[in-house]
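Here chain A shows up in two complexes: once beside chain B, once beside chain C.
Our next item is the complex of A and B:
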């Protein structure tokens, strides 16, 4: 039973990742990415790391909305028409060929070297309480540094926005 | 996997199907705390809302279908099913339908974690609370996508407003339940209800309750935070270009979300299934849920809409601050050793 679930989830992750890369419209790409990340969350659940899976959904899939927003804001939509794709030149074709060969070589090497199995590995995640204990003891310094880093980022962003606003205000006054 | 080893006889297949259908999990998922209950509750809430709003405005409301118009939601559903589905010419129809269905799925998903009695819950997850919030955090993307796929001004503006307010109010919402998690030491919703047998969390966590309730109003796009819908400005918000069955799905999804959110407030702050024993436990949950939903509806009948800047300022400054104060109060409670009341 876990085999079927594992294979389905892996399929979902791979197919939607390819779709995310290949979709003509960027919005579809974002949707594909969301599905791919949800599949990864499913794999986390299969591995027993439910907490991580929930945060994968909440943080990564939830952040796709920002991606969608930027896509809408920055890419102009040609009123529903699909933009004509340019034919790749001779150099482009050669590039595709080389990239394909390299990908094949790497895939072959991985298949030959790494022992493959279609079964989900047996692994049970650490319980949440244990995780909290680690974060509050061994990794406390790292946690604090991360917090300061994120705080500094937020302050920096706010400062940038404020400077820009002041500039536009003075521009309007003149 | 047994199916693959030799062909199963008809008898075996029938037995397997019967075993699945009569299993407890299947019955729970399809009937009581699951699909049918949520669907009927959402339909009931549309009737409740129309009745309560009518009373607030000194009207009578739906009257003719069934006793006091209780069958009105079914009549509405049949009407919407037979209406023509119209999309704008350049709308992305496929994406629009996908998103409408996804919205319904997302609205249903948190319901599996709501406990309806001792050991009476579809999925008893250790991370139940985080699961519910994770699902709720997916709503803005789907709503923004609906707004974009409609390829029309008003839905898009509605989707953007919805995105801003849901993202802004998610943070106070997470922080406001932190006090409960600190007192109980668990994220399991069943255990959180068990911890409230002596005293409901609405008493020690009154600030958290206020913040959570306000944030829930914003997440639900209910008055006074119904800017994404604001009829006079945006027609019907992100639902403007939905019609017929897609509209029904979107509309029902929002009422399902109202039901789920009310049930979550009941579970977290109002003691879930706990109550005098002469009424069965699931009935207590439903009663409290509908009570919370009616309060939300009465608020719609009595308060004006807020402006966008006030909404965002309140979310990012006041509510965040109140949620942090709530955490400090909880820390004080624990350090004075008063948390024995909620220890399981």
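Our next item is the complex of A and C:
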């Protein structure tokens, strides 16, 4: 008997992922992506990883999707719409073919290999304090490297965008 | 509780949708959507396998923690590149950004 919550969440994830790629307006697509990511956060809660769900919502929905929305607004043309040419039909068909083959291969392998009767072990969650201690002791080096990497990424992104603006200004002056 | 294979099949479906977008879309921002979907498919697998191992392994969850942070960074750099490409070319259609082709 499939769990109704799981079915609802997976339907939300799949349908809004398809909507994100197929929506005519890019803005609506970004909102669809946000709903898909929220659905994934719900799956994390079902699997007992509440803190990951919080992290997923705050980082993905709160930061990444908002960043994408801002970028979409920045790359709009004066007419207010992004010029998006129609994909040629054979490209879409090739995409469906490749994606379907990959998904079928993965799902078939899973059905063959993973026993359906595999039950999840008892688990009552762990307190956040324990988790923080574990993360800061066993993964201390990785955390520091992650921090440095995020700083480098921010500086790199700013540099990319800023240098470009100076070049355009000098180009306009010539 | 759902069997493990249902989570993996869901993740395979999400991976398929992401690959479909990567193959057939021409807008750079939609390609970024597809990459995010594929990363999320991998994350679901990590969390599900960690939960269904006995005893549950926190390692998989921590890997997802780092993976989400890395995906946020990837989106930042990707969007900066898209912005630069738009300013240089006036389009973000990846099939017309072919200036590097010989």
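By our rule, the second predicted complex is superposed on the first by the 89 of 174 C-alpha atoms of A that agree within 3 Å, B and C clash if a C-alpha of one lies under 4 Å from a C-alpha of the other, contacts with A are read in each partner's own complex, and residues count from 1 in each chain.
In this section, a contact is a pair of C-beta atoms (placed from the backbone, for glycine too) under 8 Å apart; a residue touches a chain by one contact, two chains touch by 3 or more.
If you're wondering where the values come from, they're calculated on a predicted model, not measured in any experiment.
Participant: Decide which partner touches more residues of chain A, taking chain B and chain C as the two options.
Facilitator: When the residues of chain A touched by each partner are counted, C comes out ahead.
Participant: Touch check for A:57: first (chain B), second (chain C), both, or neither?
Facilitator: It touches chain B, and chain C stays clear.
Participant: Quick check on the superposed pair: does A:33 touch chain B, chain C, both, or neither? Answer first, second, both or neither.
Facilitator: second
Participant: Check the residue A:155 against both partner chains and state whether it touches chain B (first), chain C (second), both, or neither.
Facilitator: After superposing on A, A:155 lies clear of both chain B and chain C.
Participant: With both complexes superposed on chain A, which partner does A:144 reach: first (chain B), second (chain C), both or neither?
Facilitator: A:144 contacts neither chain B nor chain C.
Participant: After lining up the shared chain so the two structures overlap, which partner does A:136 touch, if you call chain B first and chain C second: first, second, both or neither?
Facilitator: neither
Participant: For A:68 in the superposed arrangement: first (chain B), second (chain C), both or neither?
Facilitator: Both: A:68 reaches chain B and chain C.
Participant: Looking at chain A, which of its residues have contacts with both chain B and chain C?
Facilitator: In chain A, positions 55, 64, 68, 72 sit in both the chain B and chain C interfaces.
Participant: Using the touch rule from the top, collect the residues of chain A that touch chain B in their complex.
Facilitator: Within the complex, chain A touches chain B at residues 1, 27-28, 31, 34, 50-51, 54-55, 57-58, 61-62, 64-65, 68-69, 72, 79-80, 128.
Participant: Would you pull the chain B residues touching chain A in the complex into a rising list?
Facilitator: Per the stated touch rule, the residues are 1, 90, 92, 95, 125-127, 130-131, 133-135, 137-138, 140-141, 144-145, 148, 151, 160, 163, 167, 187.
Participant: Could you please specify the touching residues of chain A with respect to chain C in the complex?
Facilitator: Residue list for chain A touching chain C: 2-3, 6, 10, 13-14, 17-18, 20-21, 26, 29-30, 33, 36-37, 40, 43-44, 46-49, 52, 55-56, 59-60, 63-64, 67-68, 71-72, 74-75, 82-85, 87, 91-92, 94-96, 98-100, 102-103, 106-107, 110-111, 114, 116-121, 123, 126, 131, 134-135, 139, 142, 146, 149-150, 153-154, 156-158, 160-161, 164-165, 168.
Participant: Residue numbers of chain C touching chain A in their complex, please.
Facilitator: 1-10, 12-27, 29-30, 32-34, 36-37, 40, 43-44, 47-48, 50-56, 58, 61-62, 64-66, 68-73, 75-77, 79-84, 86-88, 91-93
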